[in-house]
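Next up: the structures, one after another.
Note that chain A is present in both complexes that follow, paired respectively with chain B and with chain C.
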Partner chain A sequence: MKRESLHGIGDLALASLVLVAGWELMSLLIGADALPAPLQTAERIVAAFGQADFLGDLAATGQAYAIALALAMSGGVALGLLFGGWTEVGETFEPAMHVIVAIPKVTLYPVILLLFGLGDPAKIAFGVLHGLPTVTIMTAGAIRTLKPIYRKAALTMRLTPRNYAVHVLLPAVAPEILASFRICFALTLLGVLVGEMFASSRGLGHLLMASIGVNDMPTVMAIVVLLFVFAGAGSTGLLTAIDRLRR
Partner chain B sequence: MASAIPASAGALSMRGISHTYGTGNHRSVQALDRIDLDIAAGEFFAVIGPSGCGKSTLMEIVAGLIAPSAGRVTFEGAEVRGAVPDGVGVVFQEDASFPWLSVRDNVAFGLRQSGLPQTEIDKRVGYALEFMGLDAFARHHPPQLSGGMRQRVCIARTLVQQPRLILLDEPFAALDQQTRLLMGEELLRLWRETRATVLLITHALDEAAMLADRVGVMSARPGCFIEQVATGWPRERDSKIVSEARFGEITARLWSSLRAESLRTLGRESAG
Partner chain C sequence: MARPVDRRRVRRQVAAALACVAALELVCRAQWVRPTTLIAPTAMVAQMLRALADPATLGDFGLTLTEVAAAAVLATALGIVLGLILHALPRLRRAFEPFIASYYALPLFALYPVLVVVLGVGARPIVATGVLYAAMSVLIATLAGLDRIPPVFRKAAKVQRFGPVQTVVRVLVPACAPEIMGGIALSVGYAFVAVIASEFLLASRGIGHAIADAYNTFQTGRMYGLVLALALMVVLINAGLRRFRGRWAAGTS
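Up next is the complex of A and B:
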């Protein structure tokens, strides 16, 4: 294993140790009823994976998240290519994307419910609403700032428009698109969870709200830790991919 | 090693080339004004001129990247219009290497798009890498290389296409003086080996005087040729000619033609 990889793993282990130690200390200070200790949370996580209800909620969230993420990423890239490549369309519609990014999206949830009703479509749409604008804006930006020399070089090599798009344009903007996916990965998860919190009868977001309602703090912490680890792992994986592309 | 690059027979002709940016617009700018030029097959022709005189516009017109507002360019008798003709290779001032590809893949890129057999691609790429001194860096990526090395990658990428006309738009402008002299020697070696016709756009008088058989001096905008100077150098030459008295004479003559035009440009910029 390379020395840099070992350093990275060592740093991660040290950071995790400090985080767990701080969490243990906080739990001792404010009480395990309000903040369950790391060990208690770990036990709850292990127990949860043996419960059919929890696995059902996990599957519901996972399914909705996978669909929302696929839609946000593919839709965002498609719109970004359109907005970045076609100036008039970009100038007309991209400001709307900036507005969606800027406003608290929960204010749009009644509109989403009106359009999609209660259930999975609404939380998927809410996830897409969180993730898609960022991918669109960053992809459009990458297209607009693409070095014009690449197009000239492609013309001198007599590339067809299709070959230019596949072999030059997409690889050139890939690092920015992956960077937008990294943000989209977390934002879409947030959107799906918020959607489940307010208008769903299943999923981790719903379970989180139900657990807060009955003051089941070990379950709350178990869900939070699972989400934290999942989002962290996804973000780290994408960051590694971006670093490789930029190297 | 035998050359993988065949002999060439390129000849370039320009008749009445004028170009205006933003035609019909109150902010239109005339870049070129009625340029006539003939470059013989196998000749090394350099174009110098003050900043903004339309040198790069001229090169883009010759390359078929932009269409002239008036006039006609022919390469080997066929009109150049709307597309880069077969047999023409272009090296730009900016780094046009693709950072996501290795040096080898960059050099092979155009050939792969053209659908040549893999054995032919390997042969040409291997030769170009060796010729440009890049074989030890074949697996590197452009961001790992210096500016001079990246420009060599771009030249190698053009070389593998076996161009009969090589267009160079200030290819060494971003390099330091020593590297420019050495790259100039490599360019001369490339020119001798390929027997291609070369059109070099440069702002460096010494570069033009050292490399070219003939140097065209352009006026301030709108650019046209005000003088053409034949250098008289033998085909076998390298950067050592900079120590010859004739080199100084050529450079002085080029500067005497260019000085007034540069002052005109400077005055216009100051006034603007």
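Up next is the complex of A and C:
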């Protein structure tokens, strides 16, 4: 166990080193005005955490993201249980989910803005729109491939639909649900950020657009790096949880 | 031909879709929502036809499609090459797993200004953003395909005294073609998302920009028409790709 985690740290160091070296090289080639060097970006990140404005943007994004993620995960699982457990409903409405996954959702953002108005509800809804369909599709798919014996057992024990869902279906498909959460985690973040990038006045997405507007590249890179680290950490954490569950 | 169960399912899907559209039509026609917020489906179709009758809009569509195609082609080449390199270096590959896994959470079009400085204004930075998004799915698919190649293939290449390039071109890439095809089909979708998002948020060209422009100038009708046209186009292209993929997988396995 200890050896494994040491290996993990070594791997992480190696990958980071390769990425930072490549970045430094690119920065030298392109010029630090267009692509700030890693050190310059690190300084900007440290400075940002001392600024009230930045912390406010961070809090705004964090709050919207937390709500969107909770809604996407719970709603996705609930719909997935419904679609997977009730064949007729699933077959009828699941194609709609596939369509939502496939189309470029950015273009739907004006529609969301018109429906939800300017502000937090719109970007939360947009995050949910990104994250929810994948959870639903993967949960329903996992339920459909379950052995029929589970259903028979539930029928034999005369479980109510609620008990069937909570005590049989959920535990049986838990690894697939966690795997879908990993994708949902990333997609919902992207949704919330894109929501902030268009017609918004606060949050990291807005800061990103504002910084692009005034060509403040150190801030742009600082936000990109922070997001990358956050997304990587979350995704790795969930991966570990899935491994443990499968064992 | 189609089994009765399938036919019943299709009938149910069509009925559900029609019911949703009819409900939407009713809500709009009864003026329960303002026409500046949501327009009726029939009006959307009318607006779509009107927008498509305009040569400038068709030009925007053509531009976006060309950019997506260019991005998908470049991403395919880049993804296969990077996949082969990463597969040959297992240590590096393991180190990069978490980065690969969290790649799609990144708003990569934030790098658009950097790309503009490097590549100039116009189609090239947009195509580059598309490549950034699309290459990863080809890379992941290539890795998955290479993992599944039986060792005997490499041995056979050795017996034939193939050099590294010949091994790659004549043995490895054809052997994982089904997986790579799957990756390419996915990459087109990603290229679409990235190109449209860049156009929508940052560039001043293409269909993504046309939609953002319609929203900003309060042409709600035109906006819905364009969104509908784009959605229909993407759904059709995806259906075509899925069919192509299915046929390919069926033909080779």
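FYI, the second predicted complex is superposed on the first by the 226 of 247 C-alpha atoms of A that agree within 3 Å, B and C clash if a C-alpha of one lies under 4 Å from a C-alpha of the other, contacts with A are read in each partner's own complex, and residues count from 1 in each chain.
Basically, a residue touches a chain if its C-beta (ideal position, glycine included) is under 8 Å from a C-beta of that chain, and two chains touch if they have at least 3 such contacts.
Computed from a predicted structure; not experimentally measured.
Asker: Which partner does A:Leu227 contact after superposing on A: first (chain B), second (chain C), both, neither?
Answerer: second
Asker: Contact-wise, after the overlay, does A:Ile149 reach chain B, chain C, both or neither (first, second, both, neither)?
Answerer: first
Asker: Between chain B and chain C, which one contacts more residues of chain A in the superposed model?
Answerer: In the superposed model, C touches more residues of chain A.
Asker: With both complexes superposed on chain A, which partner does A:Ala70 reach: first (chain B), second (chain C), both or neither?
Answerer: A:Ala70: touches no partner chain.
Asker: Examine A:Met157 and indicate which partner it touches, taking first as chain B and second as chain C; both and neither are also allowed.
Answerer: So A:Met157 only meets chain B here.
Asker: For A:Asp11, using the defined touch cut-off, is the partner it touches chain B, chain C, both, or neither? Pick first, second, both or neither.
Answerer: In the superposed model, A:Asp11 contacts chain C only, not chain B.
Asker: Please work out whether A:Leu118 is in contact with chain B alone, chain C alone, both, or neither, and reply first, second, both or neither.
Answerer: Neither chain B nor chain C is touched by A:Leu118.
Asker: With the two complexes superposed on chain A, say which partner A:His167 touches: chain B (first), chain C (second), both, or neither.
Answerer: In the superposition, A:His167 contacts chain B only.
Asker: Do chain B and chain C land on any of the same chain A residues, and which?
Answerer: Of chain A, no residue contacts chain B in one complex and chain C in the other.
Asker: Using the touch definition up top, name the residues of chain A that touch chain B in the complex.
Answerer: 147, 149-150, 152-153, 155-159, 163, 167-168, 171-172, 174, 245, 247
Asker: Using the touch definition up top, name the residues of chain C that touch chain A in the complex.
Answerer: Its residues touching chain A are 9, 12-13, 16-17, 36-38, 91-92, 94-96, 98-99, 101-102, 104-107, 110-114, 117-118, 189, 192-193, 196-197, 200-202, 208, 211-212, 214-215, 220, 223-224, 226-227, 230-231, 234-235, 238.
Asker: Mind pulling up the chain B residues that touch chain A in the complex?
Answerer: The touching residues are 63, 65, 83-84, 86, 88-90, 92, 94-96, 98, 100-101, 109-110, 113-114, 141, 143, 154, 157-158, 161.
Asker: Applying the document's contact rule, which stretches of chain A touch chain C when the two form their complex?
Answerer: 11-12, 14-15, 18-19, 30-31, 33-35, 88, 91-93, 95-96, 99, 102-111, 113-115, 182, 185-187, 189-190, 193-194, 197-198, 205, 208-209, 212, 215, 217, 220, 223-224, 227-228, 231-232, 234-236, 239
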